[in-house]
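In what comes next, subunit A is part of two complexes: it sits with subunit B in the first one and with subunit C in the second one.
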Partner chain A sequence: MHLLIGLIAVVVVFALLRAFLPGRTGLPVLFLLIAGATLVVLERADLLRIEFWAGSVAFVAILSALLIVLHPNPMVSVLFLIVNLFCIAVFYLMLQAQFLAALQVIVYAGAIMVLFVFVVMLLNLKAEEGLHLGGGAQRGLALALGAAFAGLMLWAIKTRREPPYFAPSSFAGGFGTAREVGALLFAKYLFAFEAASILLVAAMVGAVILAKRKLE
Partner chain B sequence: MDPVLERVIVEAAVKIALVFFVVLTTVAYMTWVERRVSAWIQDRRGPNRVGPFGLLQPLADGIKFLFKEEITPPHVYRPVYLLAPILILVPALLTISVVPFGPALRLFGRDVPLRVADVDNGVLIILAFASMGVYGIALAGWSSNNKYSLMGGLRSSAQLISYELAMGLAIVGILMSAGSLRLSDVVARQAEHGWNVLWQLPGFVVFLTAAFAETNRLPFDLPEAETELVAGYHTEYSGMRFSMFYMAEYANMVTASCLAATLYLGGYHVPGLQRLGLPQNAAAIVQLLAFGIKVAFFLFVYVWVRWTIPRFRYDQLMNLGWKVLLPVALVHIVWVAFIVLMGWA
Partner chain C sequence: MMHVEFFLIIAALLFSIGCVGVLIRRNAIVILMCIELMLNAVNLTFVAFAAEGQAMTGHIFVFFVMTVAAAEAAVGLAIVIAFFRRRRSTDVDDASLMRW
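What follows is the complex of A and B.
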């Protein structure tokens, strides 16, 4: 895991250099390239470990999630949300759920986020000045809930008893393919599947009626 | 390093480099083909000065683009403005990775399949990358801070979303008959039971029309309709960044042609080739060439249509997408399902 920690450190130093060096110099980029390349060459054994890649994607996921909330420009926030959804697709892929990964990209990163981009483009939102944090009660509640969730995650990681994730050997042959998922959806979970489809149809009809001003 | 892993990585790297080279060369030469064929259709001569038949023209164009001044207008939103051409070119080139170009070639004592990746979800991956292409266009339009660019970006996003649906539904017919999302299975099935175009003609027409709209080509090139929108979403781009939009358009054409050939014209399958009893490598090369010819045919159709049919109006485009292609594709699915159920296919 040395490579991952090293690369994260390099990225942090790069960000600091960019923020505090006066003017537009090529120095931070130069540092990023040289330090990054040196690290990769020194610790190249890590490149073949799935833990390294899982850790990198997790890092990108957390960074993009933070930037969704912290970036002042709404369009850039949307872009980071797309990056975040992509990271989730990569996680599915690492867990051998390739069908789910493809769907994640098509449905979330592709279809739904295009609508987000549309709305932001049409509303012509301007970048906010500074970040508006909620008042006292809201902030306290958010902190408490966040701490509780972090605690829950730590507890889940500590008490985990399964074999390590990301090991291809721990999954059956056809696991995660369209055939397997389809068989589950249309046999074992047929009721839930049909119920969800009825819900979607109802929502669609509702949207059409709301969008039409007068019904003939 | 693990020798098996090393072999896999080296093989993949060589294939990726090769496919990348072939696709980019095709893209460059498509600009030459486009200009020569348009000249032929319009009874002109076309570019014929640089090299024999003007064959070195793409090279000259490339050098020109590289040496042109890159202007970044002061009113653009810089990070997204710089990112957009990349966002549009990368998905266009990535899609080609799942296309099977031919059967396995016997090299160094083992079979090397002529495709970069043979994944279980090939068709879904194509749809996923196709839907990613919208972002490049929409963001190029938005970040340029120019009303023509914004209108072009909005139009093209609406167009891509509408036609993606019809395209996806047309492909469902193929999936039902092949019973698999893997493109090599689709080709194998067609080799066994005849090409899909023979009995899925409505699906083929819907797919091809949607593919024209997806690649923003005439008669559906509304995002860049110059009479109304100057140059649409790439109005504010110049130099190599501008040429990246062009490269993406032609790369998308190559991908769409590869898909049309794979899904409907039997991919690399050549009827009656097995009876000749050629050795494996010779047969593989013949099939690779056959695939190339099928793709070239579709690329020619792209150019042919562009210089023959005038541009649609925006409402006509939306009507065609939602009121004609979508219902046709839905009825087509029912028809294919019926045939597959009865076991006639």
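What follows is the complex of A and C.
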């Protein structure tokens, strides 16, 4: 946790350095390297604990999410979204959801993101000039609403009265495997599964019709 | 031994970032990516609660959210392509024909 907070502080300082010293790119990068090395040395006792790795992956996930939103070039945003999806796949593994982690990498990072990359390259999108972010009032309102929403959710998480720990040893055998997911999916949730297949067919037909040059 | 809260907090932060992204970005493709980010945050919450409650229903929900996300991405990107062909732009502010 300390490492996470420290890394976030480092990145904030890095962003400030970049913003106020636009000409000299070497200095902020040097600062980033020194700060990162210092943090690793300070936290070396934690290096082999799962909290350290969870915190690092969480840091990468939050950072890549911010870069998706803030980077002016859509292509870079797509690549950071792929990084973010891999981080979430790691979280799935930590939560005993092996099948979903594999699905996340194959379907999300593999198939859906290829669609995004393909469209960005097809349309040949360039970086926006100076990151056009809507009007000033809209931006301020959006940031305030987002901060308020985050605060509300964090408050809700903090005040819930559930057992805060889960022990990996308490999972039933086969929890999260493809066999268990399939057994549920094809027995209890069979109707929803078929409805999802109809939805996919409808979406496929709709996408083909929409992207067609001319309907005849 | 991990806190379930840890994953819930990460998911809440990712959802908020995606939400702000949808509101402040003007590029339709980036808005679609922010929606994917929000869906993933919700998925992470589902999986965290599934681990806490030792019930696999959350995994099934994540499966269906992934299906819907795939359908949404395909249709959304098709709309973006059709719009780009007409207006040479992916800026949502250019889609103002039906605005009051």
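Definition applied: the second predicted complex is superposed on the first by the 144 of 216 C-alpha atoms of A that agree within 3 Å, B and C clash if a C-alpha of one lies under 4 Å from a C-alpha of the other, contacts with A are read in each partner's own complex, and residues count from 1 in each chain.
Just so it is clear, a contact is a pair of C-beta atoms (placed from the backbone, for glycine too) under 8 Å apart; a residue touches a chain by one contact, two chains touch by 3 or more.
The structure displayed is predicted, hence computed values, not measured ones.
Of the two partner chains placed by superposition, only subunit C is touched by A:E180; subunit B is not. Taking subunit A as the reference chain, the count of touched residues is higher for C when subunit B and subunit C are set side by side.
In the superposed pair of complexes, A:A192 makes contact with subunit C only, with no contact to subunit B.
Of the two partner chains, subunit B and subunit C are each touched by A:F99. Contacts of A:A65 after superposition: subunit C is touched, whereas subunit B is not reached. Contacts of A:G146 after superposition on the shared chain: subunit C is touched, whereas subunit B is not. Legend: residue contacts after superposition of the two complexes on their common chain; A:A111 is shown touching both subunit B and subunit C.
When the two complexes are laid over each other on chain A, subunit A has residues 99, 103, 111, 122 in contact with both subunit B and subunit C. Residues of subunit B touching subunit A in their complex: 1-2, 5, 77, 79-80, 119-121, 124-125, 127-128, 131-132, 134-135, 138-139, 141-142, 150, 153-154, 157, 161, 181.
On the subunit A side of its complex with subunit C, the touching residues are 50-51, 54, 58, 61-62, 65-66, 68-69, 74, 77-78, 81, 84-85, 88, 91-92, 94-97, 99-100, 103-104, 107-108, 111-112, 115-116, 119-120, 122-123, 125, 128, 132-134, 138-139, 141-143, 145-147, 149-150, 153-154, 157-158, 162-168, 170-172, 175-176, 180-181, 184-185, 189, 192, 196, 199-200, 202-204, 206-208, 210-211, 213. Residues of subunit C touching subunit A in their complex: 1-10, 12-21, 23-27, 29-30, 32-34, 36-37, 40, 43-44, 47-48, 50-52, 54, 56-57, 59-60, 62-64, 66-75, 77-82, 84-85, 90-91, 93. Looking at the complex, you find that subunit A touches subunit B at residues 48, 73, 75-76, 79, 82, 98-99, 102-103, 105-106, 109-111, 114, 117-118, 121-122, 177-178.
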